[in-house]
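The letters A, B and C name the chains in turn, as written, and every chain counts its residues from 1.
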Amino acid sequence: MALITFLTDYGLADSYVAEVKGTLLTRVPSAAIVDITHEIPPGDIRSGAYVLGRAWKTFPEGTVHLAVVDPGVGTARAALAIRSHGHFFVGPDNGLFSYLLTAGPFEAVQLHGVDEAAPTFHGRDLFAPAAARLAMGYPLHMMGEALAGSPVLLGTASPRYEGKTVVGAVVYVDRFGTLVTNLTPEEVPPYAVLVSDDIEIGKLQRTFGDVSSGGLVAYVGSGGLVEIAVRDGSAARRLGIGVGHEVRASLG
Amino acid sequence: MALITFLTDYGLADSYVAEVKGTLLTRVPSAAIVDITHEIPPGDIRSGAYVLGRAWKTFPEGTVHLAVVDPGVGTARAALAIRSHGHFFVGPDNGLFSYLLTAGPFEAVQLHGVDEAAPTFHGRDLFAPAAARLAMGYPLHMMGEALAGSPVLLGTASPRYEGKTVVGAVVYVDRFGTLVTNLTPEEVPPYAVLVSDDIEIGKLQRTFGDVSSGGLVAYVGSGGLVEIAVRDGSAARRLGIGVGHEVRASLG
Amino acid sequence: MALITFLTDYGLADSYVAEVKGTLLTRVPSAAIVDITHEIPPGDIRSGAYVLGRAWKTFPEGTVHLAVVDPGVGTARAALAIRSHGHFFVGPDNGLFSYLLTAGPFEAVQLHGVDEAAPTFHGRDLFAPAAARLAMGYPLHMMGEALAGSPVLLGTASPRYEGKTVVGAVVYVDRFGTLVTNLTPEEVPPYAVLVSDDIEIGKLQRTFGDVSSGGLVAYVGSGGLVEIAVRDGSAARRLGIGVGHEVRASLG
């Protein structure tokens, strides 16, 4: 059975998500379509890349991931189909696939048919038909030209060292106000003390259950990165910080 | 495989959407149910009609579309099952099906069973069982009486001419703040200049990619109507207008 | 075909819902997954219990209901799998299953594998694999130890009598601002007059269609409990009350 996931910034109020699904199901009636999210803030490629970068890994090999956060629709940006880790990905060449492209080898083609698609709705008219074709087993290399050069990657700054301090940054804030950083457990050993501006968060704990209600806590989150949370509350509100803000780990 | 789409103003926080889906799946276990949206503003039949009027066309023939925006539930309004363009539609007779009913021939019946349904939840108790029956191939004419008279249609004003100006109106505002008008490309030739109040939007472009970021632009949208957008922004906010507001195209 | 419903407080913007679905579909590729809701306010076990308590009943026997509103994830609270009314339920032991556990007999086990799961994402790492196993027919009693003692139940105060008055309370407020009470039709006979603070709502009507637009009305809702609504408006806003607020029925 064909499995297609679907991520966009279309929101859930308009007809757009359904128009894409109708297009997919007209071509692959047996497809199971699973929404990743459609609540990426309009045009926020960086959030889309993070959410996609976590979600795709939980699906079985052969899944087709259709991802459209595409403020440049109708402009000269390329349209991609990608195979990586045994999964397929379809969407615009604007950095949306950064997390997976930097995580392993891939093949990418630039899709045919861009000129025939409605210039404001490539999700429905270009990407959905391409995803449907991949879901039916159509070979990747027949869907477009080999991509000249490499796909666009987001400039995701890695943590840097300042003396005995590792300086990372918040890369995502979730619904619970939890701050996901780009710090890995390798960079934050058990004796390191996390700090945001002048507020000391402390050493890594196992989970937010290790502090009492209202307590501020850092731990290695379910996506493998260091997160900062407030138990039964919002760390984003407590610390007043968001995506891009520095988080430091003092190593001694 | 039975395909059922589902549109309501129930929102996504309560149990109502799931209660309807459980009712459908109890009757048609193999049905694939696709949400169109459940975020129609409460009781906003006009928005529901627009969204349904776009979305259904992308689905294959034989699809059953269950649509419930029904501020008059429990009152004397009729309950409908409709066949049109090879698709089926189930929902209240209040204008929700206006776009498709004016787009081609149809058959409509007034559903049996209204009196036995819980008077506040026809979606679950009346419309879902009817949609399930249609999805299983039950004949339309056996589901109710032929409708006496025609279904309710929304008064959708067509554009009118004032000398050398075509006067249309905004019919929908989407998540991106794009203003969808009731003007068709036939009514707005390439030399026509679009105006909202005193603000000149200019001639039709191909897409919002044709202006720079922050620019105001009109083009023929993916639904076939003239739309007004701000690239990387919101035309609704920029122009301060919404549904029902006039938009003019000056022809010379 | 395996049917799994899914209720959480994860929201729809992050990757969490999709990570759970990917985990389920990797294990049970043919599963149909139906969202109940993911918009339970963060940590609001009481709302989750109410919504789940309504929705599960509409699904066919054998359905597996995965429900995760789990502010205590990673703490000592037990993880449950339950069979009741021919349905299966998986989630934390914190009161989320109160409505169904008080509605009939059940078997419950405390899940194995808690220690191996990521301590912040039991939905993906503990509950989803358990739900997948149940969906594949794995026997309940092999999934964990018989629960010592009874599951946690929410203290849901039943209506009480004060002389000739029944005193109930609001248990849920839906999207339309309708106030759902814990009063049953048995407790509110046709001659009883409903009152909120000093505002008289009147006797039970059949539906909100029985009053004119803007009118305040009480009736037996589609979930079997007395509800208070404003036709084409919000009773929660009109009366300025919410969950926990008293509602009285005067019997003479």
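Note that in this section contacts are C-beta pairs under 8 Å (C-beta built on N, C-alpha and C of every residue); 3 or more make two chains touch, one makes a residue touch a chain.
As the structure is a prediction and not an experimental result, all values here were calculated from the model.
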| item | value |
| --- | --- |
| Partner chains that chain A and chain B have in common | C |
| Rotation in the CA alignment of chain B with chain C, degrees, nearest 5 | 120 |
| Intercentroid distance (Cα basis), chain C paired with chain A, Å | 31 |
| Multi-chain contact sites of chain A, meaning residues that touch two or more partners | 12 |
| Footprint of chain C on chain A - complex, ascending | 1, 3, 5, 12, 32, 34-40, 50-52, 54-60, 63, 174-176, 206-210, 219, 221-223, 227, 232 |
| Contact footprint of chain A on chain C as seen in their complex | 10-23, 25-26, 29-30, 33, 42-43, 71-75, 118-121, 124-125 |
